[in-house]
Amino acid sequence: MTKGRLEAFTDGVLAIIITIMVLELKVPHGGSFEDLKSLLPVFLSYVLSFIYLAIYWNNHHHMMQTVKHVTGTILWANMHLLFWLSLIPFVTGWMGENHFTSATVFLYGIVLLGAAIAYFVLQNLIIKSHGDNSILKKALGKDLKGKVSPVLYLLGILSSFISIWISGALYILVAIIWLIPDTRIEKALKNER
Amino acid sequence: MTKGRLEAFTDGVLAIIITIMVLELKVPHGGSFEDLKSLLPVFLSYVLSFIYLAIYWNNHHHMMQTVKHVTGTILWANMHLLFWLSLIPFVTGWMGENHFTSATVFLYGIVLLGAAIAYFVLQNLIIKSHGDNSILKKALGKDLKGKVSPVLYLLGILSSFISIWISGALYILVAIIWLIPDTRIEKALKNER
Amino acid sequence: MTKGRLEAFTDGVLAIIITIMVLELKVPHGGSFEDLKSLLPVFLSYVLSFIYLAIYWNNHHHMMQTVKHVTGTILWANMHLLFWLSLIPFVTGWMGENHFTSATVFLYGIVLLGAAIAYFVLQNLIIKSHGDNSILKKALGKDLKGKVSPVLYLLGILSSFISIWISGALYILVAIIWLIPDTRIEKALKNER
Amino acid sequence: MTKGRLEAFTDGVLAIIITIMVLELKVPHGGSFEDLKSLLPVFLSYVLSFIYLAIYWNNHHHMMQTVKHVTGTILWANMHLLFWLSLIPFVTGWMGENHFTSATVFLYGIVLLGAAIAYFVLQNLIIKSHGDNSILKKALGKDLKGKVSPVLYLLGILSSFISIWISGALYILVAIIWLIPDTRIEKALKNER
């Protein structure tokens, strides 16, 4: 039951974050296609953030399937993750409205990195609390994806002062890595049964 | 369980989209009936979008009743649908505030068409993953509604450059088609039991 | 299951409506108590609407406990109710920001009346679909509250052109009538078991 | 079931409150780090409020685990708590945007105090309705935390006219007190089984 309510709360927060972002797409006062032009960068950053949040929801969802009990520490680690994700609408809006300046691309990366670290911490706490035989541990294996992502984010953050195109490419690369269907947990769950 | 969380997340996002739209009804600064006048087009587009979103929730709800297992691809197809639906508050506000100019009516149709296609893809992925005996397949039959709607949207989109009245009529027509009680899935579910 | 998802969706929409209203309490730019003064009417209308929405959630919740199956018509009647409730943040903000002018008090009453009628329709559809022995029917009895409320709203709406104080008093009166603990359904449910 | 829907509704409202707060972090129009500076106080108050709301969700969640049945009075006491919590985004925004003036720190404390009292009332109503053997009663013991917090809030509120640093320190102190893992309820639930 504890698990159910944790999932429900996380779903609620993620659903709101993903939807609230669209409010940054401020309705333009003119009604011609011209008036939409200035919104393009905001729209592009919206799409990127939407994909990121969808990936987080997907991964969270799969990870929780392996969870049997929830401790107080896990609840807080989950809140910590939600905190970083809750900042995404802000950095998305800031980056889009200011047409991807270095500072905005830098901060966007910081928030993505913060969320990635928070997810990593949450994942490890779940594994710890479920013992060496935890399904999650078996499923993740060496967890290459989880370890490469923060490094790529860090590179992206640092690149923001040289070229925002490199940063952008790196952020998109992480998204693509995670979009490739990942059946590790599904397989591990099947083996368990 | 996977199915339950998919439904919960979809419900959350749809509930927020449908409610956030009302924020485009900006409170006027004057307190007389006169001050409401300029809001009428925004209100009308709100009503239309509310009905569309209610139809989507209704159909999604019925479709999910036939689903027995959820794959990763289905999760992503569902996210794709939510992406298009999440744009509805924006196009609704744009269309309403600019009193239904061609461009706004055009874009509104594009988003409706995008959502319709996303729904169609989701539906087919569910059928595929449930085999030839899928309840959904039997329920839909030739799925005339599902096939006619995108065509009507397309006609509406193209008409927007000739007359927004034709576009509007076509969009409303699709809504009416779907509002007519559709008991295909309910019947198919009954037969199954 | 259908019932569960209907409740979840309604809860979601109500939770968002009740929380979104607070966004009409625009943060004042000064940091002294003086700066809060102008917000008082907005705050008062917020409190009133919060109570109304809480009453609706409470009643909806109790009513749904008696429901055994949900038809397509019930789904749509519920959507109709949510439509009226979704307009509450707008009329609340309009009334508060314009310091309770006749027109705003009038429209506020119209939306309350619309919601009351929608609730009444929903209630009757549930009773109809559950046959003469429906628990809800027994619980409601003559449903005095349900019949008196629309009349009081109507009087409040009409009074708005004479004195907004009478309207306000009538609207508050309806809230008080419903705040008095109503154990009809709880009793009927107990008898049933 | 009643309990489930109460939890779901509370989760929904809390999820929205916690996420809506981020909308007070208005996207600045410039894209340099300089432009972020003025947002720092808003961000700090956001972090504090996020932690408070997370604590409330956590405690509410644990408290509900001990609940076996829900009465009408409990439903209303819960609504009363949600009312106070719903004001947090407003006072957070007001305090942050006006750089922690006395009046804003005062009002922030008032809302925290109101929420604390509402929580206390809800807790006692739950204990009352579950009899002397209530798990919650055993778990709370003398409930030192619950009794000390309102006193600290009150001191913080009064200090706001002398020094907002004392107020701030006191508010943060309460947060820390509650952040320290509290296993009273978990233990009591285990003993019960």
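By written order: A, B, C and D. Residues from 1 in each chain.
We adopt the following convention: contacts are C-beta pairs under 8 Å (C-beta built on N, C-alpha and C of every residue); 3 or more make two chains touch, one makes a residue touch a chain.
Computed from a predicted structure; not experimentally measured.
Where the sister copies chain A and chain D meet, the same residue numbers recur on both sides for under half of the interface positions. Fitting chain C to chain D on Cα positions gives a rotation angle of 90°, stated in steps of 5. Chain centres computed from CA atoms place A at the largest separation from chain C. Computed centre separation for the pair chain A/chain D is 26 angstrom, with centres defined by C-alpha atoms.
Averaged C-alpha coordinates give centres for chain B and chain D that are 37 Å from one another. Shown for chain C are the residues in touch with two or more other chains, namely 8, 12, 15-16, 20, 23. Chain D meets chain A in the complex at residues 7-8, 11-12, 14-16, 18-20, 22-23, 25, 27-33, 35-36, 47, 50, 54, 57-58, 61, 65, 179, 181-183, 186.
Those residues of chain C that touch chain B in the complex are listed here as 1-2, 5, 8-9, 12-13, 15-17, 20, 23-24, 72-73, 75-76, 79, 82-83, 86-87, 89-90, 93-94, 97-99, 101, 103-104, 107.
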